[in-house]
Amino acid sequence: MLSDAGVLNAWHELGMKRKDIERLAHFAYHPKDIAATIASGSYLTEGMVIAPCSMKTLAAVAHAHADDLVSRAADVVLKERRRLVLVPRETPLNLAHLRNMVAVTEMGGIIMPPVPAFYAQPKTLDDLVEHTVGRMLDLFGVRSAKLKRWQGLKRTPAEPD
Amino acid sequence: MLSDAGVLNAWHELGMKRKDIERLAHFAYHPKDIAATIASGSYLTEGMVIAPCSMKTLAAVAHAHADDLVSRAADVVLKERRRLVLVPRETPLNLAHLRNMVAVTEMGGIIMPPVPAFYAQPKTLDDLVEHTVGRMLDLFGVRSAKLKRWQGLKRTPAEPD
Amino acid sequence: MLSDAGVLNAWHELGMKRKDIERLAHFAYHPKDIAATIASGSYLTEGMVIAPCSMKTLAAVAHAHADDLVSRAADVVLKERRRLVLVPRETPLNLAHLRNMVAVTEMGGIIMPPVPAFYAQPKTLDDLVEHTVGRMLDLFGVRSAKLKRWQGLKRTPAEPD
Amino acid sequence: MLSDAGVLNAWHELGMKRKDIERLAHFAYHPKDIAATIASGSYLTEGMVIAPCSMKTLAAVAHAHADDLVSRAADVVLKERRRLVLVPRETPLNLAHLRNMVAVTEMGGIIMPPVPAFYAQPKTLDDLVEHTVGRMLDLFGVRSAKLKRWQGLKRTPAEPD
Amino acid sequence: MLSDAGVLNAWHELGMKRKDIERLAHFAYHPKDIAATIASGSYLTEGMVIAPCSMKTLAAVAHAHADDLVSRAADVVLKERRRLVLVPRETPLNLAHLRNMVAVTEMGGIIMPPVPAFYAQPKTLDDLVEHTVGRMLDLFGVRSAKLKRWQGLKRTPAEPD
Amino acid sequence: MLSDAGVLNAWHELGMKRKDIERLAHFAYHPKDIAATIASGSYLTEGMVIAPCSMKTLAAVAHAHADDLVSRAADVVLKERRRLVLVPRETPLNLAHLRNMVAVTEMGGIIMPPVPAFYAQPKTLDDLVEHTVGRMLDLFGVRSAKLKRWQGLKRTPAEPD
Amino acid sequence: MLSDAGVLNAWHELGMKRKDIERLAHFAYHPKDIAATIASGSYLTEGMVIAPCSMKTLAAVAHAHADDLVSRAADVVLKERRRLVLVPRETPLNLAHLRNMVAVTEMGGIIMPPVPAFYAQPKTLDDLVEHTVGRMLDLFGVRSAKLKRWQGLKRTPAEPD
Amino acid sequence: MLSDAGVLNAWHELGMKRKDIERLAHFAYHPKDIAATIASGSYLTEGMVIAPCSMKTLAAVAHAHADDLVSRAADVVLKERRRLVLVPRETPLNLAHLRNMVAVTEMGGIIMPPVPAFYAQPKTLDDLVEHTVGRMLDLFGVRSAKLKRWQGLKRTPAEPD
Amino acid sequence: MLSDAGVLNAWHELGMKRKDIERLAHFAYHPKDIAATIASGSYLTEGMVIAPCSMKTLAAVAHAHADDLVSRAADVVLKERRRLVLVPRETPLNLAHLRNMVAVTEMGGIIMPPVPAFYAQPKTLDDLVEHTVGRMLDLFGVRSAKLKRWQGLKRTPAEPD
Amino acid sequence: MLSDAGVLNAWHELGMKRKDIERLAHFAYHPKDIAATIASGSYLTEGMVIAPCSMKTLAAVAHAHADDLVSRAADVVLKERRRLVLVPRETPLNLAHLRNMVAVTEMGGIIMPPVPAFYAQPKTLDDLVEHTVGRMLDLFGVRSAKLKRWQGLKRTPAEPD
Amino acid sequence: MLSDAGVLNAWHELGMKRKDIERLAHFAYHPKDIAATIASGSYLTEGMVIAPCSMKTLAAVAHAHADDLVSRAADVVLKERRRLVLVPRETPLNLAHLRNMVAVTEMGGIIMPPVPAFYAQPKTLDDLVEHTVGRMLDLFGVRSAKLKRWQGLKRTPAEPD
Amino acid sequence: MLSDAGVLNAWHELGMKRKDIERLAHFAYHPKDIAATIASGSYLTEGMVIAPCSMKTLAAVAHAHADDLVSRAADVVLKERRRLVLVPRETPLNLAHLRNMVAVTEMGGIIMPPVPAFYAQPKTLDDLVEHTVGRMLDLFGVRSAKLKRWQGLKRTPAEPD
């Protein structure tokens, strides 16, 4: 699903249109199609990721104020106790943003800001994205072969300080 | 100031030792030097940035449990009502992390996760860092010439969807 | 008033269109007509029932986030301390749904899920609906002759256990 | 398990006695038998459904005030982090009812009022019950073949409004 | 309705048995008769007074933990938004007592301890009781002719201090 | 100490003036004398009783808004962790009254409404007062010989119900 | 009732003295006369309006800190569950002002700031006052003929945008 | 920015269309243009006033549920810790309205209802508006020459009461 | 006092009947004897231990829902500000159990789980029980000669690590 | 401004009368003069210090219960978001004192107890006062030349332990 | 992992040194090795048990104040929504201990005090430990053959009371 | 006990080393000696004073995060319900400092900032310290002969104002 804001983002950041993106997916829904299958808990899913997740959608989920299919589907995931992962890329955060994140966490959702994992020693922006996606999949029990997992740090003679 | 964990990070991520980093600063303090100038509100500063800010330091600030100079200096900044910016790069977040962020925000601090600003169309990891630093300086009223500010989005005939 | 989602429901469940339903009412308003009479407290009413009440409208009322005439009218009813009854038919419920119900109750509204009253020994779906409507009217002091009221249970020799 | 109130209900609504109902079950316990197997977490179960769940039992679970085997067994399910589903059929709800539902949800239980799912186009009361039971089983990962799942709504030329 | 504790009280304080007291009432219910008419909101009443109200019954009402007909009937009165008056005669009060009183008040009930109204210049214990009963009736809009209402205090030349 | 309102009460209810009452005490203070000994914690006392305690004084103690010597002295008793007993004779109670009572209890004070102890089988108003005073002294470890303590209830053949 | 601050206001804004204003009323009380009839719940009234309501009186009502007859009478209105309307004309508001308004609302009172109702198309200051008074009376079920009620907005061809 | 509701208001109250109003401004944005410059914190501003501020926009800001450019821009102002002033002209207020005002205040925003400042002795509606605007500018450190500031009140021999 | 559940426990764990245990006590009460001496605060005691304390009794005390003499006596101890010690042996704990423990602690009671004190180097189960009993008596100022008190740990040459 | 209690303090501690102190100030107001300039936000100031601040005034500010010019002026400072510093010299503190300090801090005020700064190595009482005054001025951006600022601690060979 | 306190305990209670205990484990980490594999969520584990869990470590987990590898690893387990079990053996408990337990439970962790399960009729201390370990494994879905599960209690003719 | 920071303070302010100070005490413990006698509740003490109490130790006590013997011993004092007095000399205070003070007070501890008692008319710094120590001892029931207690203030003809 691409919200309207998502369409603008995709165009601005990736040069892609809605249909370019929808073509990459197995299933695509229009955010206004509030009667789609995923709007009901009786339709079975494993869960849901919203990435990136705008502050508006975060708020809609936190208060169950589902005014489009994106937030309705997340609402359903939470009421059926399935996995929900939100990937907010706002910064800095105000009090309402953080209270909404607390609320979603109390409801059983997971807040996962896509902060760069420099400990994985990325070289490119793609490495960053790859890592974030790998960690996201982890939360669904899907193990990505590309994910560089932490192996601990060996202190060597040349170690700092 | 570099905490012990910071020293490990710097070595692992940047190949730099404590003294390499301290050399870059106008002032450097050891985190165990709890009697340093910045441990007292009577010493004047503009405020403080903790970047990156570990979840442990976030917690220490949120509860005023200042067990090293980093958290003590932040504690002082808050009691003197100066500017404090924390840059946490943890993900995903648990409930305690988020409650601590709420607490720091209520105390007057600012939570600023270093999420990538793709809207600024970065090409490299350095672009990302540059943008984050620019936004951080903004919060102190320091305007960075390198910061790419949002100019709005013109909807064009070729626009998506 | 029929919201857009309400229109879809009515069509799917009852095979009725908006105008079919509006024809049954003394007064009908379009949910987008936010300047209608009932949007102001100075217009006098007895109160309001929202049946069924979607989780989205519940949230809108609970937070006074009135983004259509339905939620605005409910907001007005609450500020004028008139009677408001919401009939949610969602299940199961997540934490946000329940917190919203608590909030509406604290504001003076009444949450009335249309659960089947088997104690009234219904035979058909219509009996269920009739009973729910009767109880709803009770809350406005309107007594429905069709409502089967509880008469107590006589324990008889043939009683169970 | 049938509470005393449950026995009255069963007799009044179904014309069945305790033993008639117990005969339908693989295991039956008397609500006063507080030393039964399910009163201890060391006895293994998948979880528990309380249907219907009186407001009194809801309160007992919400406050861990387990004064019979029904509420004790639910208390155990929650302390062992197994699945608990409560099916309350009270209406309207007062503030304490709703606060108790919030508390049970915070404890990990699920509140599932048996509201009629008209979107599944039931024809009889049995269809309603079937649907509710199917959704309840869903929450334990048991898929009922009889459950009519939502397939989405196709907007047709003859669509409303 | 007389609870079991109420029966003991009546016997100890008034020398009356359950049937002596029930004879004084238009309607009498046994507290164990949880299927009585007043256990359902569909049965119409004006409201309810519980006098005296034990700390146990106060708790049962505050948490909707209705384990007898007294607390169930009060629970119903609150869910139907009718008037409920509780007359607790416990002293001193612990924190739970007071929190329960707050909860009942938030639910719409009224806490009315039968403290002596010395301003009405009672001469006997009966005067005290009369005054308390008169004030209780006031809360239902029933005006007792025997109630001595405050007429203000005229400061006279002989006034104190 | 007699507040101004206390002076009016005493005159209206007892026909006594301030000086009549002050004559009965070992120590008397004027409520406006905010520099009296008991306004400082360094002056030693066992604690304090405020009887009767108006809703205004209760509020003053609950919020440490000490605008006369009565509330200041109570404030001191609480900060020095000595015993404080308040005897409110208001009825019915609103939400603020009850929240104030909760607050005082959380601060370590004791709320003791002078409800009639009918279980002690009083014959006169004086018996009531005597009992209340005896119980009040109990809270300071002072045992009144006149206090009729509960001896339990023997169930006899003639017992009720 | 005119508080002392009210007397100053009346003089400054209207050029009227206390007695000029008291002459306009059926009943007048001095705010220091804390033993007046309306200081007791046993004296019957319909409720109370405080207009304008200073932030000090708002606080006194919110915390039941009744230090004059104005706040005492409001306290009584709330404990007897009668109607209370406060008309605050402070701006901007700090956190304590708003928390007090929340508290009064939770207690059953109504906060009604006298903001200008431009939708009623007033021409003069008197129109404004008239409208506010009319809406205030509405809350007591008294319908003012002079009140211009909202009739909805007809969108015309010449409508904006 | 003029929201849709704002356009209706402007037409009804002022007889002005969107473009009439936009012509008066240095910068104008359409509320649906969510990609405008002010939607990003990297675009520099002094802050923002929303006047009048509907209850819906207040709610959107309070919960960070930014569903148009108005609420998004306010959300940005709060996350960048700039000045935000909301001018709500709703009355009376319900609990959700007030809780939202508390939330915005806790987030650093300012609630400023445009109540008439009669102490400034206005003669016309324009005087009222002028005063409110002057006070609003004060909050940004902009001093309006037209603002009539309070000079204190001299008590004169002819003073009241 | 032995509750009914206590009787079962005693029989199962110790092979003792109620009367065997009552024979060991100076005073014994039946839990249903709610009119016993200890049900009134006017009867003097030092305080009370409930060991073991079931989760149901913990809940009853935490909410003042005293439905037998055990919880009533504890309620009295708390209202008279005497010492109350609860010894819960439930594990693991759910959220309601822990919230109840918090509530009892806020009320002045003490939660003392009988965890084994391995630091006292017990050899047998009896040593464990002895230690727990000794610590329990400590809380009443009664010093048990058998209690092995901690003497500190001397670090010796053979010390670990 | 000197409150009445302040006048007593000044006399007792400094041997000064109100007029002696007022003579030292550029502006002086009587605490009863509630119509003074500083009682309105439209009168411009930098902020306010209350030193010493009694627990009563702290409470008045925390709850916006402004019953004299001191607390009214502080209330105004907070609503205009100017700087407010309170200097409480009470000890020990009870729960209400501390809750009030929390409330004032949440409102934007600053709690600054005048504890002796021994790290500045004072020799006399005057040194203490000087230091406290210097730090107070710091909070307004006024730098006192007399203030001895912390220079850090050099660990020397002779350092302790 | 053995914390420093853990090393002391092991030596005192078991006569074992760190390396004796580490030899029993498949994996061992030093609590100061904060860069070990388990300090990152990207390293996969099933969860974690901390047994025994000191009050200090409980606090560290509850507030995400991870100052060693033990609390950091627990913090990671919670952010990745894996299973965490804490086994506290403190007694009695103060308010902060209990609040921390509530917090950990709200975060998804499990509090499991090692109270003796006398219902399993242990004969030795080893039986106790065995039982506790068995129950702990249960929480990870690992079934211990040695665990004596509750089989219910048969009431026999010789049953008590 | 002297913490490390305490050692620095003592050296800087008093020119004393750890051993100089330990020599003044009957018992001395090293803050790292977490296995000392006072780390267990089974070791009997009267209570504990921490003077001065750093903000870090305050936080450790408030959250039971006992990372040295100072905070552990305080934690023990609170769990055994003995007297704990903390003497914080921080100023100004931020929100976390104050919330920690509230938490300690709720746990039963006493916050006693060493503010100068000018009402006792001190002449030297030693007088100040003497007074603070005397008041501290008061809280343990130890009466210091040197403590100058308040004797009230006599208003004389020469009194101020």
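Chains here go by letter, A, B, C, D, E, F, G, H, I, J, K and L, matching the order in which they are written, and residues are numbered from 1 within each.
The criterion applied here is as follows: a contact is a pair of C-beta atoms (placed from the backbone, for glycine too) under 8 Å apart; a residue touches a chain by one contact, two chains touch by 3 or more.
Note that the coordinates shown come from a computational prediction; the quantities given were computed from them, not determined experimentally.
Think of each touching pair as a link: the shortest run of links from subunit H to subunit L has 2 of them. Between subunit B and subunit H, the least number of touching-chain steps is 1. Comparing B-H with the candidates F-L, I-K or E-F, the pair whose contacts agree for more than half of the residue-numbered pairs is F-L. Look at where the CA atoms of subunit B average out and do the same for subunit K: the two points lie 35 Å apart. The distance from the centre of subunit H to the centre of subunit J, each centre being the mean of the chain's C-alpha atoms, comes to 33 Å. In this assembly, the C-alpha centroid of subunit B lies 55 Å from the C-alpha centroid of subunit F. Subunit I has its Cα centroid 60 Å from the Cα centroid of subunit H. Chain contacts: subunit F has residues 4, 8, 12, 35, 41, 62-63, 65, 67, 80, 90, 92-95, 106, 110, 117, 119, 135, 139, 153 touching two or more partner chains. All chain pairs in contact, by the document's touch criterion: A-B, A-C, A-D, A-H, A-K, B-H, B-J, B-K, B-L, C-D, C-E, C-G, C-H, D-E, D-I, D-K, E-F, E-G, E-I, F-G, F-I, F-J, F-L, G-H, G-J, H-J, I-K, I-L, J-L, K-L.
Interface residues of subunit A facing subunit K in the complex, by the touch rule stated above, are 106, 110, 117, 119-120, 134-135, 138-139, 143, 147-153.
Per the touch definition, subunit A reaches subunit H in the complex via residues 4-5, 8, 12, 55-56, 58-60, 62-63, 65, 67, 90, 92-97, 100. Listed in rising order, the residues of subunit H touching subunit A in the complex are 34-35, 41, 61-67, 72, 75, 78-80, 103, 106-108. Listed in rising order, the residues of subunit L touching subunit J in the complex are 4, 7-13, 16-19, 85, 88-95, 98-99, 101-102, 105-106, 110-119, 121-125, 128, 132, 135, 139, 153, 159-161.
Contacts from subunit E toward subunit C in the complex involve residues 33, 35-37, 39-44, 80-81, 106.
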